[in-house]
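Just below sit the structures, each encoded as structure tokens.
Next come two complexes, and both contain chain A; in the first it sits with chain B, in the second with chain C.
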Partner chain A sequence: MSTPTAENSYTPTVRNAVIVGGNRIPFARSGGAYSHSSNQDMLTAALDGLVARFGLQEAVIGEVAAGAVLKHSRDFNLTREAVLGSALSSQTPAYDLQQACATGMEAVIGLSNKIKLGQIESAIAGGVDSASDAPIAVSEGLRSVLLDLNRAKTVMDKVKIAARIRPKDLSPDAPSTGEPRTGLSMGEHQALTTAQWKISREDQDKLALASHKNLAAAYDRHFFDDLLTPYRGLSRDSNLRADSSMEKLAKLKPAFGRNLGEGATMTAGNSTPLTDGASTVLLASEAWAQAHDLPMLANVVDGEAGAVDFVHGKDGLLMAPAFAVPRLLARNQLTLADIDYFEIHEAFAGTVLSTLAAWEDEEFGKERLGLSGAYGTVDRAKLNVNGSSLAAGHPFAATGGRLVATLAKMLHERGHVDGRPARGIISVCAAGGQGVVALLEAR
Partner chain B sequence: MTAQKSAQIDKYTQFVSRGFGKDLAKRLGLPQPAILRRYSPGAPLVEGPVLVVGHTSGADSVASVLLSWGLDVRRHATPKEKLGAIVLVLDELAHPDQLSAPLLVAGASVRDLARNARVVSISREAIASDVPEMAAARNSIDGIVRSLAKELRAGATANGIVLANGTGAADPSPVSAMRFFLSGRSAFVDGQFLRASGEGSTELVDWDRPLKGRVAVVTGAARGIGAAIARTLARDGAQVIVVDVPGAGDHLASVANEIHGTALQLDITVTEAGARILDHATQRYGRLDIVVHNAGITRDKLLANMDASKWDSVIAVNISAQLRMNQAFLASSHFTTHPRIISVASTSGIAGNRGQTNYAASKAGVIGMVRSTAPLLAERGGTVNAVAPGFIETDMTAKIPFATREIARRLNSLQQGGRPSDVAEAIAYFASEASSGVSANVLRICGQNLVGA
Partner chain C sequence: MDQYLNEMPLLSKLYLNAASSAAKQRLLRATPVVALPSRAVEVRGVKADLKKLTEFAHLMGMPARDVLPSGYIHALTFPAAMSVMVQDDFPLPLLGMIHLSNQVDHFAPVHFEQSLTVRAWARNLTGHRSGTQVQIVVEVLSDSGLELLWRGVSTYLAKGIYLPGLDKPNHQFASGERPMFSAPKPTAQWHLGVDTGRAYAAVSGDFNPIHLSVISAKALGLRRSIAHGMYAASRVLADIATQRPDTFNWEIFFESPMFLPATVSLHIADVVADDGGWAKSEFTAWNAHTARPYFHGFVGAGLSTRARETVAFE
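Let's look at the complex of A and B:
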């Protein structure tokens, strides 16, 4: 009998988890360039681009974790299947996870924690979503009949069961962004929050315009050259409108909260469209990165998940990060003023602006955060400086990977601020009243 | 032959290579291009005996080098016996009258050359300080090899090695050049010369993995000739960084993953391109040894119809970017171990081409750059050379209208287009450490194109 020898013995001390880099495919508006690409196709392409960038062909990665929000039941092992189809070693384990739009963030934080604990040396976190190739299910009525048919033993039984089918059972169930407990779509929920925080149409349009301008400028200065790999003829996000203007945005009619009258401020221009895409992030221990001569852009310092009671309470569906960020920063003895870059996911312009408004609100600070006053102000010059989801689009599970890789590169380029490494916060809201936020630090 | 390989042979060549098509072509006197012998790892260097013609001590040493490679070396031909190659050693010529004897000996064996055979001459460079008789004799080899190349059939080629002053016929660099010309690596090189000086060493060369341990960067590597260069350098043992514009990144990633290299999406016309390549190379591999400037674009227009954007973009990508990147490489302490620069020029840069004043300017510019960069590389034990492809079968040339393409393809001594790998093999040869004494050369890979020879 022989005992396998471990490469390194397990020492449960916490060490750094570093972001080496990332790769995503350009994001495409649904029904566009990736209409006929599956989640597995896109995730595999994103992985292969990452492998090519860092020379990881046939490498055994500690673990790959990714997920999709809109997922076919046959894709139960989506990430592992993508790994098997990629240039990575087939001995690389993988698992799927899902936390709505925070899927990618949770993948990064979970895998970073494994690295920090010494359980793995390297990891790839990712996410993918296709609103074009979405699963369509049969109706509940038809499903119940089909399952009963499968269990029926005699022909007569089968005939009786089949006779239960009604024409209405034949219409399929398409996935929606509706909240099961309220029946409201995400946009309708945000419309309520936007109105609650009295966010003006103009401010929302300004944020959307800045997102497009910032993203376009980042492309023009080749910022994304080592963050993206083209796919199916796209080399930039297809939602990006570099020539957008306040006038053009002002012309759009409200798309959500139309029953709010004057308060109907949310349009297709200041909301993210349905999007297809995939992203990946390469994480590693310092030792692994060094042994493989790989760059180290940033540390994953800490992460925090939160949730709000949007069903019965007074918080909006997408307001969980407004609570999670203060908790995360407090735990790290930091305030908003100590942060150099804020990446606040633009699910809707109203989401970002409601969050900022809450932090600037004295009552929110006192009553909801338990502080002596308002939490603080985010310097707009530090907010989403290379554009965000309003311009890039938002393939739900892929957004986290986009944000992490982008911020890591920004922090690395920034280097030090006042003699300490530059810091950045990522905040991502998610369905179900959830949110996941993370703190990164430059290397 | 695998299906993939036969697909690379153009349809006409396939048709006239066998059966009815072969008969028909013969009767009608149509061109009968041969299926060329190309290198693959483990393939024999030469197929058949090698006849060494010449009685100098140089000829003796060349014969013993060939013997050391396990070849069947003959100093006298056996009539009717097929030969794999003739090596014509003429390193002590002093007068044109001395040409007759060795050339007639070689000529008597030309009919016995096997398919895809090789004729390689080894002679001395004619320089201004030679006495006129010697210069005449030395320069006459130029005419002999180029003419013989046009006489040879069935995929056979004739090329020459010109020894620099003081270089022996069996010195490392001439030997490495001879090996290149004899092998299937030079399949589409015909009627060409390489000038070799004595530097370098062939003692430790692993001929199957001559680039082992070397770090190379190839620009324009997402497809076509660039992708073939990357594959060939990797096959020969190099670690390869493939570079192309961000828009070609998906193809670039496939190439990188296929050859276990790294992909660097980069627009080479940006000011910091050289620094970006150096950063990547030093971060990932600790060094940079081989630079292949392959990236290039065409924006064809008659000069009368030329506009600034067409002119300027071609110059920017094809020559200015190379000049700027070379400055960065030459200033780097990581590009110092027998460094190699190989640029892809074009026969258009030598012979000119209608509608390509901008392109030909850039490619002729590359040739000028190579010549004047050579002394800078020599200071650090490096070399710089150019290859000038003629008609190569790529996605780009597949778009040329049928009739034009068919003429362009047949208008050379081998009566066919070359493959991207033919260009790549020549580049790998220049990149080898055994080629240390070969610099400032411009090697045409054109099957001896009849235009602008």
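Let's look at the complex of A and C:
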């Protein structure tokens, strides 16, 4: 009998998980540059670029986790297949996960925790989504007939079962952004929240404009050069409108909440469009990063998931981060004033502004957060300073990876603030009334 | 003098050309030509079709990348190779030619946005135990024509055509003396449906009737339609995609036609280099039911010996 010797013995102490860097492909509006690209194609392209950037050819990575919100059933092992098709060692394990738009965030937090516990030395977190190459299923009626046909033993049985097919069964089922329990689309849900917090059209348009201007400026100063690999002829996010203006945005007609009258403020300009794209983030222990002579941009300090009861309208569908961020910061003895950068995912301009409004609201602070008053104010100069989803677009599961890599680089560039490492918060809302937030710290 | 073309000719026209010249030859019974035309066909400004490229990759079950897969380059340049074979003084009939082998060198990755110069010519007209064989060389160069990116050498056999003065190479096995094939343990299995030829024709543009349907194949003397040799090569290359560096070479030898539908058993074995890295992968494929070999070959790191010699010579 022989016992395998472990390369490193297991010590249940918590250590740092660092962000080495990231790579994504430019995001494309659906039906655009990636309209014929599959999730597999895009995730592999993002992974290829990460492998090339950090010299990971033939490397055995501790674990790779990624996912897609809109996924074909044949892609059950999407991430492992992408690893097998990449230049990483085939001995790299991988798993798929899915937490709606927070998929990428959950991948980063879950893998960081494994690194912190010493279970793995390195990891790649990622996400991909294609609204263009979305899975379309056969109708429930046809599906039930086909499954029964498969089980039928005699020709007579088969004929009887086949006779059940009705013309309506032949129309396919396409995925929708509607919430299963309310039947409302995400935009309609947010329109209610936006109206509840009395967010003006002008403020939403301002946030959208800032997103485009900031993202364009970041491209112009080559900020994304080491965060992005061109794919299919695209080298910038195709939704980016550097020449957008308040006048242009003001011309757009409301797209959501049109029955709200004066409260109908959400347009195609201040909402994210359906997008295709993929992102990856390389995580490691300090020892692994040092041994491979790789940079260490930031630590993944902590993460928190939250959910709200949106079904009967107690809270807005996308308001979970308004609760999760205060919990996360409290656990780390921090307040909003201690944060140097805020990356609040712009599902809609209204989502970001409703969250900020809630934190500034005394009643919300007292009644919902159990504080003595309002939670606090986010300094707008620290918010989404290199643009966010309104400009870049939002391929659901890929957004987390984009945010983590972007913030890690920003924190590393900033270095220290008042003698302590710069800190940043990422907040991502998700379908089902959920949200995942994380705290990063510069290295 | 070389023949310069401003764009890739349409394969459909080339096939029609081939059919009419075959008929002409039969009618005129011209004395056979025994030398190859000593000129190359050159096409400039060749570019990949992004949609076809994506479809090609998906058919092979590989992620669609910005770098062109080997099989796609072969398909992209195939009309140039065909143009060589339909020249009036080309000594062998194009239709009915059998694909014996392919040898390919990737000198550098080819990006889909690159504009390319493609050169094709024929060489090595030699005897074969069952006819006459010829090699078609295709080179893919950078737009300037200065940098060699890819070179493919395809060997074809014109069965039953014996040209005067060409010796049969003596290293061939006399008929009936093939070495016994004993199938190794399969590492993979392909289930090729009857539509395999049509699906590959759609992404490659190679609508040779022997691949399309039973009827069109029978018209050319085959009992059923057969899979494209390059379909097999492309798919096996997709299966060995993981470890390949930017510079690599591969070779495939076709032993028997894959009549459709087919169940193909495959054995792929990796060979490790001295330094522990990947040296090459060898593959063998055979009919899962009859154990008759279909093809074999390898994919290796770096350039082939022949290509290394050429580069040194240049």
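What we mean here is this: the second predicted complex is superposed on the first by the 441 of 443 C-alpha atoms of A that agree within 3 Å, B and C clash if a C-alpha of one lies under 4 Å from a C-alpha of the other, contacts with A are read in each partner's own complex, and residues count from 1 in each chain.
Simple rule for what comes next: a residue touches a chain if its C-beta (ideal position, glycine included) is under 8 Å from a C-beta of that chain, and two chains touch if they have at least 3 such contacts.
Nothing here was measured: the structure is a model prediction, and the numbers come from that model.
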item	value
First, second, both or neither for A:173, with chain B first and chain C second	neither
First (chain B), second (chain C), both or neither touched by A:90	second
First, second, both or neither for A:295, with chain B first and chain C second	first
A:224 touches, of chain B and chain C: first, second, both or neither?	first
Touched partner set for A:202, first chain B, second chain C, both or neither	neither
Partner chain(s) touched by A:51 [first = chain B, second = chain C, both, neither]	first
Which superposed partner A:41 touches (first chain B, second chain C, both, neither)	second
Touched partner set for A:157, first chain B, second chain C, both or neither	neither
Chain B versus chain C as contact partner of A:367, first or second or both or neither	neither
Those residues of chain A which chain B touches in one complex and chain C touches in the other	45, 48, 58, 87, 230-231
Complex interface listing, chain C residues touching chain A	50-51, 54-55, 57-58, 62-66, 112-113, 241-243, 277-278
Contacting residues of chain A [partner chain B, same complex]	45, 48-49, 51-55, 57-58, 87, 222, 224-226, 228-231, 235, 293-295
Chain A residues within the chain C interface of the complex	36-38, 40-41, 44-45, 48, 58, 82, 84-87, 90, 230-233
Chain B residues touching chain A - in the complex, by the definition given at the top	246-250, 252-254, 256-257, 260-267, 270, 283-286
